[in-house]
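The next part holds the structures, each set out as structure tokens.
After this come two complexes, each holding chain A, first together with chain B and then together with chain C.
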Partner chain A sequence: MPSPAVKPPAAKLPAAKLPAAQLPAARPGATAPGSFVTAWAGALVALLALALWSLSVGVSDVSWNTLWSSSEDDMVAQVLLYSRVPRTLALVLAGSSMAVAGLLMQMLARNHFVEPSTVGTVESATLGMLMMALWAPDWSVWAKMGFAALMALAGTALFLAVLSRVKLRSAWIVPLVGLVLAGVIDAGATFFAYQHDMIQSLRAWANGDFSVVVEGRYEMLWLSLGVTLLACLAADRFTVAGLGESFATNLGLNYQRLVWQGLVVVAVVTACVVVTVGSIPFVGLIVPNVVRLIVGDNVRRSVLWVAMAGAGLTLLCDLIGRLVIAPYEIPVGTVMGVVGSALFLILIVRRRRIG
Partner chain B sequence: MTFSVARRQALGRLGQWGVVLGMAGGAAAGWAAETVTVKDNTGEVRVPLKPKTVLVLDLAALDIIQALGAEVQGIPNQKLPPLFDQRYSDSARYPHIGSLFEPDYEKIRTLKPDLIIAGNRSLPKIEELRKFAPVLDVTVDNQQQLDHVYRNIRAIAAIYGLKDKGEAEIQSVEKAVADLRVKAARQGPGLFLMTNGGKLSVYGPGSRFDMLYTVFGLKPLPQKIEVSKHGQAVSFEYLLKANPEWLFVLDRDAAIGREGAAAQKLLDNRLVQATKAWRNKQVVYLNAANWYLLSNAGPSALKANIQQLSDAFSRS
Partner chain C sequence: MPGFRLGLLALLAVLAGAAFMTVGVQTDWAFVLGHRGVKLLTMLVVAGAIGMSTVVFQTITHNTILTPSIMGLDALYQFLQALLVLLLGASGVVAWGVLPKYLLEIGLMVGFSVLLMRWLFTGHASSLHLMLLVGMVGGILLRSLTSFAMRMIDPNEFATLQDRMFANFNSIQLQLLWPSMALMLLGTAWIWRRRHVLDVLALGRDVAVNLGVNYQRQVLQLLVVMACLVAVSTALVGPVTFFGLLVSNMAYQSMGTRRHRWVLPAAVLWGVVLLLGGQVILEQVFAFNTALSIVVEFLGGMVFIYLLMRKGKT
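Let's turn to the complex of A and B:
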């Protein structure tokens, strides 16, 4: 077992993952340029260490020594290239893009407690996949994903439309509206699946799981990375959008177009992730909020942090899922549900204390 | 005084009711032609002999009844696997009485059953079903699957008055099992794999697919697989490491008659191709309906499955 690779993340992790300790000093404006660079380097090293750890964990005996020394066992390199590398890449891509999608969602809804899996985006994409599985099983994966993305778009737009009609927009009404809407869409999908004896299949592929990711089964996630990068380029605009329609319009922005761009990004990312690995709850909720507590609301400043932390958290949860009952696995969606809800509670309690 | 009078009247009325109830009970007992005591999941039950209206909420029980050449008057509301006779699709003759998990109580009430046969998937509903008629609980326990299949065949045969046919079915199954065990004993260890929604899970001895190992006699892999209802989720890497000589694949999406991520397509990758089972062409795609829906608990499903494995072992 690759013990050298195991140590560093454990040591680096608290610095990157639990920013609570450095919270007061690290608030926006208080960060000196020097410590900023240090933080960046530290986070990158931590992420790399997590990725290396992820590469080294698996059922087969692949240790770094065998990889460098012996060439007779071809299988070692095979496993690494065919299974471990794709899985790690998929985790990084899915985690970072879901986290960024969450950040955008929060800007568009102007509320910090929404994300694709709590406003109906994920449920709509899942419903789209289910419809494809029943009506057009022969279509190509890309066509199915396109349909799922359209459904995700419709679901998210519906959420924003409902939201715009809600008069009293207190902080808790917005996520509540989202949860209700998500529940309704999920109920529809469940009913539909029930009628076709597909409940178990639905639950199986809706729960985020990287266990069958191998080369050729994750590449769609690169598309979500591309879309996420586009969103990063428009980071400033989303910051302004987060300040509200009249403010954005005053600054000469086409608010409606911006909202639609954001919606498309969120929908495409969600559809890519749901289609390839299933839904990963909470990552889009926890990560942007933790990052916001440290670096503030400016999307340009926070978006890369969000992407890195999203990748890190997803890698970590998948590692937990692979390690606790090895050689069997717990799906990442389940682990994230547990870890995420714990982090969420901490977040709420802390928020109240800070005020 | 009025109080005691009232009380006496009340007592008298109670007594009258008692007589009426007793008569009704006697009448009911006299009306039910005859009863027979058989074994089921709950122990021994008294059920009517040769009942007129039998409702079945278990596919394996339906298989037993069909093998015995007996009749039913109500079947579960689902697409029946091909091993069942075409005539069951006539829903006027064979009314649907709800799904295996959710019986249609209204329908059951209107059919006035003399006997309901249910088990496994309908187990949680059996107490409710007892309100309509005596229930034969044909649930099969994972720890003693074959014994319970024989128990169910005997019970149903006795109820229909077809004991000899039942014993004949049991004997033919016993012989098929014995032949298969001889062949299986010569084979290397195997693994039961289920694919569902593009995910993999494995099942070992003691699981719901225990029959493969304990009854059919295939050697399990040396490493133990924890028993859990939905198996243990694994990766392709696990299959490579476990490296079984035989891989028995159940495509659950196929079991429910849906186009899913077909198991064959899912497994056709470099890691699985490196396993002994794949290289020696010892990957067997099981009859999903027989293994999953009927759980090997009906004689026709059981014999068909034994035949498939027997053929596979003969070729190797």
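Let's turn to the complex of A and C:
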């Protein structure tokens, strides 16, 4: 990806100079049909295994045999239907859509080290939730979420605006500006919450936690899936957008409109996830970067992998959180904060050695 | 005339202190003054520790947008505290007694942070932005690890830890005030004696070595003292990320010189003015209570973005 903001790894430099038609050059192994199908099947089986494991972990003992054999053991079916299945579904939906949102944002900011939780999108959505809780507690959940999405959109646009004013020479300044901006918005929200004695609620929302997910409390996440699917349909355009404004315009795309479409997708997904389960940091950062290392920069090729890996990573972190201090649990936001920031550190330190 | 400006600043600081002690006192002077006196001393310790450590750090790293807190040092301190409670248990920690525990924590903090800083700064000429990013993400990692550890700690034991985790100028542990003050004064005096060495270090490594400074040794000693000061301030009131950035840059601007004999006291005085004056304005004018650290974070974050943008242009 040739951008002034990002120095591409040496291996991809030649590919980036080719015309657009040849650009989506993936690694040779990924294109062979046989290995492709095997990889897909393997990934799907792994994801399914994780999901089943996630279903079977918890305080009340769910054994699969009782579920199939006897219908009198209603407890088990109830637990599964009202608590376990919604939770696992919510994990998959939130994880995959956050990962795809991160991928989109990286294309739009043309930097591989940004994602909703590192540029202030999540913080803005949280601030929106807070304002709604204070000023319009009677509005429907959908209206509140809409407002949170608008705030998320504004926050992200602010980030891009600040970014466009920085004449950057270094790839690292982009995530840096984002992190500080997120901190400033967070300080604003904290100040606001402090005035109204809501710091505790604020912290509780802000930390991604799936333990509250039951039937009826997660359905909003289907919306984020829908929006994510729409983004997948436009995958090719986002690949081109990643090449820069002049390049995209040359190829006949309305760059500004595309940026806004991408921002709306990111904002809606973030708002959905923040409203239902809280923030899940770093999924959108780690997953697209790892997938990019294997599949390459072409969004159409990588987007489904990103979605699957995002779901998998979220499931895994949730499992860790549930198993470490069982029967209590650690929120997924905390686990992801540890796992994600450690992986992020490894990514940037490794990049430094290569670059 | 830096001397004149410094005098003016000192006057401003005294005024802020006087206002802090007297404005809005209605009844029972003895109680109120005693209560505010403790707060005043705490803020003086924090202003001294943060002002001095930030200027030293910026001189060593040759950069005016770095601070020890942005590099995650106080997150490290909090993590070590949580880890101690997790490993020893609250009773184990209490059995140590307040002062030995405090010294142990500061010792651990200094050791770890010197290791961390040496690892960060001895690498081949790496980009400033990358280093900042590593520091900030490291801070996030440490904070997540801290809350991870907090979840693992027995709820009963957690109460002993909780109070000490958030920036707060109101609930100060009196027992820690005196040792902190002593450490702060010692560190400050030590740095003040090195002010000429710092002037030379600011010229860059090669020049400093040419002028006969034992570079490695001096920098290491300064790092140890700096980490000590950061630990003192964090132990007292918790993390304040951008405060040091604010005071050091105000000191450079207002003094119009980079010589440490002017900049060091100016940074401390600006800290005093901001903390005490800010608290008076927030409490008396806006009737807000303890939100000072939040306001400082907000302003400091803005200044940081501004500095980043200006740096990006040159």
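Heads up, the rule we're going with is that the second predicted complex is superposed on the first by the 317 of 355 C-alpha atoms of A that agree within 3 Å, B and C clash if a C-alpha of one lies under 4 Å from a C-alpha of the other, contacts with A are read in each partner's own complex, and residues count from 1 in each chain.
Operating definition for what follows: a contact is a pair of C-beta atoms (placed from the backbone, for glycine too) under 8 Å apart; a residue touches a chain by one contact, two chains touch by 3 or more.
Quantities reported herein were computed from a predicted structural model and do not represent experimental measurements.
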item	value
Combined model on chain A where chain B meets chain C, clash or fit	clash
Touched partner set for A:M131, first chain B, second chain C, both or neither	neither
First, second, both or neither for A:M198, with chain B first and chain C second	first
Partner chain in contact with A:P175 - chain B first, chain C second, else both or neither	second
Which superposed partner A:S211 touches (first chain B, second chain C, both, neither)	first
Contacts of A:I330 with chain B and chain C, given as first, second, both or neither	both
First (chain B), second (chain C), both or neither touched by A:L345	second
Touching partner for A:A157 - first (chain B), second (chain C), both, neither	neither
Chain B collision site on chain C, chosen from 61-69, 79-87 or 169-177, when both complexes are overlaid on chain A	169-177
Residues of chain A at both interfaces, chain B in one complex, chain C in the other	325, 328, 330
Partner chain A, residues of chain B touching it in the complex	78, 196-200, 202, 223, 226, 232-238, 240-242, 252-253, 256-260, 266, 269-271, 274
Chain A to chain B touching residues, read off their complex	58-61, 75, 78-79, 82-83, 133-134, 137-138, 196-198, 200-205, 209, 211-212, 214-216, 325, 327-331
Complex interface listing, chain C residues touching chain A	123, 126-130, 132-134, 136-138, 140-141, 143-145, 147-148, 151-152, 241, 288, 290-291, 294-295, 297-298, 301-302, 304-305, 308-309, 312-313
Contacting residues of chain A [partner chain C, same complex]	113, 162, 165-173, 175-177, 179-181, 183-184, 187-188, 190-191, 194-195, 281, 324-325, 328, 330, 334-335, 337-338, 341-342, 344-345, 348-349, 352
